[in-house]
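First comes the structure, then the notes that go with it.
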Amino acid sequence: MSIRTDLAVEAREMYQKSNKGDVPGVYIKEYNEGECKITDVEILNEEGEKNLGKPKGKYITIDMPEFVFYDKDTMIVVSEVLGSVLSGMVSLEKSMTALVVGLGNWNVTPDALGPKVISQIMITRHLKQLIPDEIDENIRPVCGMSPGVLGITGIETSEIIKSIVKKIKPNLVICVDALASRKASRVNRTIQIGNTGISPGSGVGNKRMEISERTIGIPVIAVGVPTVVDAATLANDTIDLAIDQMIHQSNTGGEFYNMLKAINKDEKQKLINEILNPYLGDLMVTPKDVDLIIDNTSKIIANGINLALQPAMKLDEISKYLN
Amino acid sequence: MSIRTDLAVEAREMYQKSNKGDVPGVYIKEYNEGECKITDVEILNEEGEKNLGKPKGKYITIDMPEFVFYDKDTMIVVSEVLGSVLSGMVSLEKSMTALVVGLGNWNVTPDALGPKVISQIMITRHLKQLIPDEIDENIRPVCGMSPGVLGITGIETSEIIKSIVKKIKPNLVICVDALASRKASRVNRTIQIGNTGISPGSGVGNKRMEISERTIGIPVIAVGVPTVVDAATLANDTIDLAIDQMIHQSNTGGEFYNMLKAINKDEKQKLINEILNPYLGDLMVTPKDVDLIIDNTSKIIANGINLALQPAMKLDEISKYLN
Amino acid sequence: MSIRTDLAVEAREMYQKSNKGDVPGVYIKEYNEGECKITDVEILNEEGEKNLGKPKGKYITIDMPEFVFYDKDTMIVVSEVLGSVLSGMVSLEKSMTALVVGLGNWNVTPDALGPKVISQIMITRHLKQLIPDEIDENIRPVCGMSPGVLGITGIETSEIIKSIVKKIKPNLVICVDALASRKASRVNRTIQIGNTGISPGSGVGNKRMEISERTIGIPVIAVGVPTVVDAATLANDTIDLAIDQMIHQSNTGGEFYNMLKAINKDEKQKLINEILNPYLGDLMVTPKDVDLIIDNTSKIIANGINLALQPAMKLDEISKYLN
Amino acid sequence: MSIRTDLAVEAREMYQKSNKGDVPGVYIKEYNEGECKITDVEILNEEGEKNLGKPKGKYITIDMPEFVFYDKDTMIVVSEVLGSVLSGMVSLEKSMTALVVGLGNWNVTPDALGPKVISQIMITRHLKQLIPDEIDENIRPVCGMSPGVLGITGIETSEIIKSIVKKIKPNLVICVDALASRKASRVNRTIQIGNTGISPGSGVGNKRMEISERTIGIPVIAVGVPTVVDAATLANDTIDLAIDQMIHQSNTGGEFYNMLKAINKDEKQKLINEILNPYLGDLMVTPKDVDLIIDNTSKIIANGINLALQPAMKLDEISKYLN
């Protein structure tokens, strides 16, 4: 059985839907922080890896309150929650350098989240090098880049990241990326923070070279937000909903009921893909106000990262460094 | 039975699906022009109006060839076809003034088609007024505007258009708008040209004040391109496809077959809306490269309108006036 | 002697430079509000009109503190000062409608101030009309528009404004526009609020139709910010500075001193224009970070107008209505 | 005497103004190609280096015809001239890889030329690697990147370029950058192609690490276009013009004449800088339609580079690969 989702909480839901009960090899904790619901998913061992289809490590999910994008105070609260989750993921001495990488294609609005975050990160590494005496010693050196995507540069994103890491030797990499969700209700409402690294390009079906502590020797934190639902996924889930509803409404034990129950979900999905692929081609499903939402999500993420990387500063001090 | 689509060709397909045979009160002609397929739908009388749910008049649809956006020569061909269709819709003396109106919200990429077209229309009315001696007498006076949408301005779009028309007294209005299609395969691939006017805002479910020859006394040509599929429409159509497929695969006359056949399409849609609305909310379905496609579609439309309004000029002469 | 500047404070400075002492027919008051310096210039009669080259009425100038764009708190203070200046200019009952007009060309960054402000105005007129019961009765109906410029639309801006005013009958018009300053130091640092109306297009040398209480029968408030210096103005002022410096350094009474003193400023300017025009053509002088500065200036102006038009609301409540 | 300009032709003009006659150590050739004027400046030895303040090597300048941006055919001609100049600069076998680098800050319109060019380069390296059988063998592998500027990334641009070059081992680097000119008349009208490499950041006064054949072992071609005049440069040149004019108009041998002649140009510039710096601060001088012009210049440059790198293809074939 192959589970295909970027989000550990979705992998868990899908596991539980088929298997009931807890996921072996996975530790889960749920709690609230302000108006945010937080879910810690820790994959403990190989069994957990197999069950959720993801590498061993921590995946923390922040569910943002509804209407977060229409209330600046709530946006700040979410940034603070994110900042505190990030701070708990890794411990760095204050003089250690962080590299923040914005993955994704800046020409495609819902994929531009990463590059938009970079434009709002407090960049200080050059100031610490060029004018060290004018910069408070509590300010951490931070640098940032948006490497683009393979189709734009002709260079594997992981090749670019690895060569920069080798050259400037940071102590931590934080990667920000737009993800795909299986559920429309989760789009732009969930932030996932993980410590198992990234494989740029995997979101579009290709597994490229992994960037992780295992491959580059320093911690790699991934911050992701689902910004689209794949149209084929949406169609499949819609049909599942409809079938469930029909089962619910038909008489238990009748022929129709039995036939519906007998529908093989894998075959169904294969069938749907065959029917729909020529039809759905390169479509994506996004909110109508996607530009606004990506802008505001990028502010939340950037502020959260800024708070985590500059623990000596408050948001209003940080904002004076930006532009 | 209510048919809800912006496109006359879709209304016709939907009619024919339920009723087989020709549509009474409607004249249809199909032919090819270059690589474009053209469909003339003429609603002749009240019966035709009722059958297709649209006012009496002409609706011409241009189906653009696949990959049109990747080939500048093909884009020019489509502009020329559009120019010739527009020229056939209305006859104006060369000194008569045209007002081109770009409907839609410039902040929402797939709704920004109209405003993008306006930015590429050859605007000459002020030159004819201010420096008439320097402008060739064969150049028609053309003006243009993008009135925005109600949510942005607080003013009904038709109020704005009507007050401008009253003030500057053009002889023709051409309105450009982004439409919704029922079929993903038609998104950004079809141009509809109609002579029955427009009702701005109707695309999102509200019937606002009509702009048409009947209400403002001069011809009103509407040029529309479907740029999105509504997510609920997509879901509904997907389930129909799936049911049809299941019917096809089950034994004729069996209980399952009969139950599937018995599914009431209206009830089904109501059910789907109930299930999906909280889930699909404000989602839209667009191509992944929607920014590029809207840019290129707007070039095709603007060039077609420029060619129709300036019959004395060629595209390369027109392009020197632009910017 | 012709004084050519959009700013009343500059006209006054130029008058005083040539004539010493107070300006007859003009009342001036200077004071501070928070970190802002405010200058009230009231032109009282025809003599004042002639002396400053501007129509009778009030011109209030707010000089923003340095580095305002790098500090959100200071931006809010300036918005509040602007809100209070605007409130003092006109008294409206709470049910009266305001139309906010953003003048200028959205394609030219320093001229896009007006349209950018409109996108951040709290638009409510349609809500008051469509869903009056859901809208607090203390909320004023406000609508907004960006009519573009003549070269883009082919329609005189004042024709558009007048026809909309006639149609929707607001009780007040507020126009926002980018101005030209004679001094680089004033660019993006000064806000001028006037109650004598506007003449769109006059900023680029043409006097088009006036929009003022005199011509449309309702109060017209103009809010302007200088966003560019004309390159020829800059060159002329530079040479003046240099000549002054040379006079300062040469011996009083010597031949060089006398010759410098004898330079006729008008002839000099004419000479400079002759020399420089082919050379400076269509150049403008802007700050290097003009995009950021126009963005932030538009926020300050929009918030100030929102506060003045919605006296029952605070900025954070207003911001929830926006987007 | 220090000559400070990015353009070899300006350095030459400045040398000739002070020294009359040819520049020792420098070979110059001028000719026309289509409507373009081409100037080859070859610095032959150390004497030439000292005289022009630039390293030994070739600098070819293309002066574009006036109104080039308003005529697509002329734009294509300039692209072809640029393509042929580039082809003459370096000889590569068809299988050799080129890396095109777009220098500059994408947030500052006149500095965004490089990044805009990259978005229009035909990128093929990944196709040659991933699907070699589907790509014509005559197509050269090309990759591209826009590394940003130090203030945005916190990383020296040359560090980024060097680490990428080390990783992907191209056979040629082409860098595209926006330059500053001393003359307003040359802004956006001149393309300079040089084979002596670049020092990113030098345009703003800092000499950072050099990227050249000497430092990275492969040919480095620099393509630059002046897109701004520094406001202080403009002011200084204006005063020079004015002084020359005054000299011209005063009586030869008179005291004023002698004093003007006696003005020390270096002291004058120092004086001007002292007077003007607080006043001109971070100003730049650009054309009013800078956005349009940078867009069109980037098209010309990208097409020229595409033609040079893909000698087996024509422009219309190349354009199908783009987007």
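Note that the chains are named A, B, C and D in the order they appear, and that numbering of residues resets to 1 at the start of each chain.
The criterion applied here is as follows: a residue touches a chain if its C-beta (ideal position, glycine included) is under 8 Å from a C-beta of that chain, and two chains touch if they have at least 3 such contacts.
In UniProt terms the chains read A, B, C, D = Germination protease.
Worth saying up front: this structure is predicted, and the values here are computed from it rather than measured.
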Intersection of the contact lists for chain C (Germination protease) and chain D (Germination protease): A, B
Between the pairs A-D and A-C, the one where more C-beta pairs touch: A-D
Where chain A (Germination protease) and chain C (Germination protease) are represented by their mean Cα positions, the distance between them in whole Å: 45
Distance between chain centroids, defined by C-alpha means - chain A (Germination protease), chain D (Germination protease) (Å): 41
Where chain B (Germination protease) touches two or more other chains at once, by residue number: 107, 289, 292
Residues of chain D (Germination protease) defined as touching chain C (Germination protease) within the complex: 107-109, 184-185, 187, 229, 231, 234-235, 238-239, 241-242, 245, 250, 254-256, 259, 271-272, 275-276, 279-292
Interface residues, chain D (Germination protease) side, partner chain A (Germination protease) - complex: 107, 119, 123-127, 141-148, 150-156, 159-160, 162-164, 166-168
Chain D (Germination protease) contact footprint on chain B (Germination protease) (complex, rising order): 69-73, 289, 292, 316, 319-320, 323
